[in-house]
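Structure in structure tokens, see below.
Chain lettering (A, B, C and D) follows the sequence in which the chains are written, and residue indices restart at 1 in each chain.
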Amino acid sequence: MSLRTPADRYRMIRLIRGFEELALELVASGDIVGGTHPYIGQEAVAVGVCSALRPEDRLTSTHRGHGHVLAKGADPARLLAELTGREGGLNRGRGGSMHAADLSLGILGANGIVGAGAPIAVGAAWAAQLAGEPRVVVSFFGDGALNQGVLLESFNLAAMWQVPVVFVCENNGYATTLPAAVAVAGSALGRAEAFGIPAVAVDGMDTEAVREAALAAVDRARSGGGPEFLECSTYRFEGHHTMERRIKLDYRPAEEIASWRERDPLARAAALVGDTTAIDAEVAEQLYQAREFALASPAPDPAGACDHLYASGLRPRAGAVA
Amino acid sequence: MSWLSYTKALNRALADALAEDPSVCLFGEDIGAGLAGPTLGLQKRFGTSRVVDTPLSEQGFTGVAVGAALAGLRPVIEFQIPALLFLVFEQLVNQAHKFSLMTGGQASVPLTCLVPGSGSRDGWAGQHSDHPYGLFAHMGVKTVVPATPTDAYGLLRSAIADPDPVVVFAPAAALGVREDVTGPLPAIPLGQARIHRPGTDVTVVAVGHLVHEALAVARELTEQGISVEVLDPRTLYPFDWDSLGASLEKTGRLVVIDDSNRSCGIGAEILATAAEQYRLTAPPRRITRPDGAVLPFARELDRALQPSGDQLRHAVHAVLKH
Amino acid sequence: MSWLSYTKALNRALADALAEDPSVCLFGEDIGAGLAGPTLGLQKRFGTSRVVDTPLSEQGFTGVAVGAALAGLRPVIEFQIPALLFLVFEQLVNQAHKFSLMTGGQASVPLTCLVPGSGSRDGWAGQHSDHPYGLFAHMGVKTVVPATPTDAYGLLRSAIADPDPVVVFAPAAALGVREDVTGPLPAIPLGQARIHRPGTDVTVVAVGHLVHEALAVARELTEQGISVEVLDPRTLYPFDWDSLGASLEKTGRLVVIDDSNRSCGIGAEILATAAEQYRLTAPPRRITRPDGAVLPFARELDRALQPSGDQLRHAVHAVLKH
Amino acid sequence: MSLRTPADRYRMIRLIRGFEELALELVASGDIVGGTHPYIGQEAVAVGVCSALRPEDRLTSTHRGHGHVLAKGADPARLLAELTGREGGLNRGRGGSMHAADLSLGILGANGIVGAGAPIAVGAAWAAQLAGEPRVVVSFFGDGALNQGVLLESFNLAAMWQVPVVFVCENNGYATTLPAAVAVAGSALGRAEAFGIPAVAVDGMDTEAVREAALAAVDRARSGGGPEFLECSTYRFEGHHTMERRIKLDYRPAEEIASWRERDPLARAAALVGDTTAIDAEVAEQLYQAREFALASPAPDPAGACDHLYASGLRPRAGAVA
């Protein structure tokens, strides 16, 4: 799915938003077990960045990964089937929300460990460089990841080796309940710059602004200019995890949420398109089909619980011996 | 008399330790909000300087806790996910555990690590579902897996009071267990097993939440005239070999049920020691996860890899055949 | 014919792998200088882009290697110290090991970790003397401990060719072993034990450098009319249970000698499996480091904690008493 | 031993230099097993920094720790006995060079893992802050440690919590064979500053310059001003490890070594004192006594190899059972 025009990008934002709302519904109904980390509010980042990528480019994602995975082109039906733990899912139901991946599209996976995707992205970029392939790798992560040592080590390696990686920090102001203001000493931009990585602040609620910054970073990386860092200021409209719909936490003031909601990237993207009725209808249909597909896809056979444990085909001993 | 939940028992243990000993302090992510349960209300009561919300820097703050311990404090760290222990393996086993011997007894590191929600939680998938207590038992870090609210209280108190590092695993599947209690709860010494149910035909050693599974099976087997002794080691390292020996001398038959990977797990250790020291009437059995298990997301698959009451029943019958 | 040292065998394996397969690359500290031995001369021959000297960022470059593997390369990492594996436990067991299953078979991570000089090296003390192969055998990462130069060559070649992560431990005490070899050396499949010496009275399973200790004891015991079969598993995970079974069927007696901590070690696994599956004539024995051992600096103390030929002799006599 | 006057500081530099030369001798003779990381050339840093400390202040050290340990006041005789693995050593021969500690003097230990001391220092500083004690903690580390994630995490925690810690980077230009120039992207100072930590460049060959910078940093930290970072440019005159006396490596140009030797901190400190004959003689006598003490001290009894493994007195199971 191309993201070349504002209408394409609006459509993708609409799709992600709708997908996430559908996911909320399926969490509530119990069809998605364990819950998800909703991406609602942050869509401009995934869509703006991925609009700057080519099919052969790669990305690493996070626990809050649906937006990245969809924007890079994954089939919403198969992503939803993954979330509902079905055989038709992207990962055959083995990964779920936090590990959704589509290697054929360069999506090296959502990740359950904060910061873990960054060195993987650097490694994939390093491999492209070694092969002389003009591929760029994007590493998405949150403000919380800025305090992970492995991420800072990755900055150093990327800068030292000048690999084609773009670090995209989605600063939504919080790591779960912890405000970035009391967790991140100095500034996000300053951290990247300290490693000699050019760093740019971007309005993460504005798809076009993100796209512009990403295009510049990706082009530079692709042409051998080395890594770049984008800090996208954004906000999650939902709780950290769907669990928060059941437990009351008061770490974010109501006015803060309200003021960010006024900057909804969906509305902003729609404004560039004009009449969105047709697109909205198409996306609604696509999501309806996704839902049908996901819920009709069979549950995995328990006999295959150890399938793919080893790429070599090694079958481990079972846990109980008859 | 009160109806005490396991999580509340951990909460009470932390509160009592903080109240009684000014050198106790807590570190962890989202502990101010009490997100995981055990720290609920503690920051309000004891202040932000003793109940410290940390940035997402597990290695850093675990090292900080080691330093604070060397300076005379008794830090407790709450880890949101068992996999976070992988991130701090160096700090725990290579620093905290080794300081006493390496300094010739000059230093001690009274550090407690609490992992509420260890093992599988529905829908959390491969990177959030490990039960890595065997790693610590191998490296020699004191390792505790309470099965009941009173044990959770008493063992956590002892862990905090202990002069050495201790890791306390609170299995997700045990957090919902409740118990009637009256009056103040006692500390329970580390290294003492608990016979939950005496029996004469087979010794079933059950770890953590599987104690309850074992008790259910034991009750059921009574009806078939089979007398099962259910032994909960409670502390996996140091292990209470005397209690195991006493039980095996009575029964001569051994089954272990343990929700961790098979190879080199605590089940292996128990069978090995039993084989070395006792002449068993029948070959022993263990019920575990498979070798090298990675829990898949889909519930059917996840469950297929965890030890079950059925497997236990089967194993008990098998050892009784001899 | 040449007189091949263990270290030189590792060096040759790396050189041949680099020469034959352009997707092989090396990462590690001071590998350009060949400081630890196995990489000597490789950077000169294969260039700095395939033999990469890394900054002291173990987590970062291990993650990089995972990313490079996902992008189609076959990275090998050399770790200067076994304890560095503690630093990268997350990257190895929680990322590299789990990618295949979590992605439903989309991804494989053909990553080899080589630890030359594992175990005790005189004078390197507590933080440099661990032999943590049991940790990987527990988590399910393929784990190899070659005892001889030809095995070192052949197993390292297979490790690099394997589609899954493999950790290869080269015990410090084996690095000096030499062997006469002629012609090209074969790859040796993972998961196949080697009977170093057939025997009928007792099976001695020896790991790594202790194979040589076991062979010395076996030769000596021949003079007392005792026939010892010396079995080297070579791969600790997956373990060659069939070979063990065949040996035990012959001897009915088992002693394991293993230079790692006792509790939940590979010795425990071997005894446990033997106890489950075979009726032994005598209780099995294992000779290991003590529980939770930290090797003290002074040579007398360090040696006191490592398995010895004397202990093995004693154990063989003990199992023969029955 | 006070370091208040230039003569005091000269004496300490002389002592460290002489101690290190003696250690080289004892490595060559085999009395020190395993070798050491010589501090020769870097003495101005340890002495300048420790001259700014009070007895109740603390420090964490590195693998290259003799200078720090002596400058903080440890008995050279007991340090040497530690290096020779004797019962009279600081750590009763359990730690050796890489773990030398004297907790009674606030020396929280040399450390075998690069970067590991930093969070420990932050933790000790945090504990002092909590207790309202006016104690400062110094964390020494090399340029190699600047690439360790845990160190950067420690910067963040120290800055966020404004604890009384002074980070002292001894930039000797190399991490073993790897030049800092190809390992550290950006600058050392810039890394600290990125976390909001004031950072100062210091001539690490000039004891008085180091002292002045350290006095300012320590005073500020003690009075609640938070952490500071000193980058001391220095050089090691010897190889990374005594091993390098046996193997030839050519990572440092001869002229480079020669030009740094001309800036020997010993000569510079001597120049401030005038006639050093009397001091030199006293130090020589002290070292002679140290040597006598160390070599006369008894080797540890192997029966005590597990002494102090647990501060609780727990005695682990042995590795071989009779």
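Here, contacts are C-beta pairs under 8 Å (C-beta built on N, C-alpha and C of every residue); 3 or more make two chains touch, one makes a residue touch a chain.
Bear in mind the structure is a predicted one, so any value in this text is a computation, not a measurement.
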Problem set entry | Co-neighbours of subunit B and subunit A - touch as defined | C, D
Seminar exercise, completed: For the pair subunit B and subunit C, the C-alpha centroid-to-centroid distance in angstrom is 30
Exercise. Any idea how many Å lie between the Cα centroids of subunit A and subunit C?
Worked result: 39
For this session: Determine the centre-to-centre distance between subunit C and subunit D, using the mean Cα coordinates as centres, and give it in whole Å.
Result: 35
Seminar exercise, completed: Distance in whole angstrom between the CA centres of subunit A and subunit D is 44
Problem set entry | Contacts with 2+ other chains: residues of subunit C | 55, 57, 59-60, 83, 87, 90, 94, 101-102, 125-127, 140, 238, 263, 276, 285, 291-294, 296-297
For this session: Find every residue in subunit D that makes contact with two or more other chains and list them.
Result: 91, 93-95, 99, 111, 113, 147-150, 153, 156, 160, 182-184, 306, 309-310, 316-317, 321
Exercise. Which of line, ring, star, complete or other matches the graph of chains that touch?
Worked result: complete
For this session: Could you please specify the touching residues of subunit A with respect to subunit B in the complex?
Result: 32-35, 82, 85-86, 91, 93-99, 111-115, 144-145, 147-149, 175-178, 182-184, 249, 251, 299-306, 309, 316-322
Exercise. Which of the residues in subunit C end up touching subunit B in this complex?
Worked result: 83, 86-87, 89-90, 93-94, 97-98, 101-102, 125-127, 130, 132, 134-135, 137-141, 237-239, 260-261, 263-277, 279-280, 283-286, 291-294, 296-297
For this session: Going by the contact rule at the top, pick out the subunit C residues touching subunit A in the complex.
Result: 25, 49-50, 54-55, 57, 59-73, 75, 90-91, 94-95, 99-110, 140, 142, 162-164, 191, 238, 241, 276
Exercise. Hey, which residues of subunit B end up touching subunit A in the complex?
Worked result: 29-30, 32-33, 35, 53, 55-57, 59-60, 81, 83, 87, 121-128, 262-263, 285, 287-294, 296-308, 311, 314-315, 318
Seminar exercise, completed: Per the touch rule, the subunit D residues reaching subunit A in their complex are 147-153, 155-156, 159-160, 182-187, 190-191, 193-197
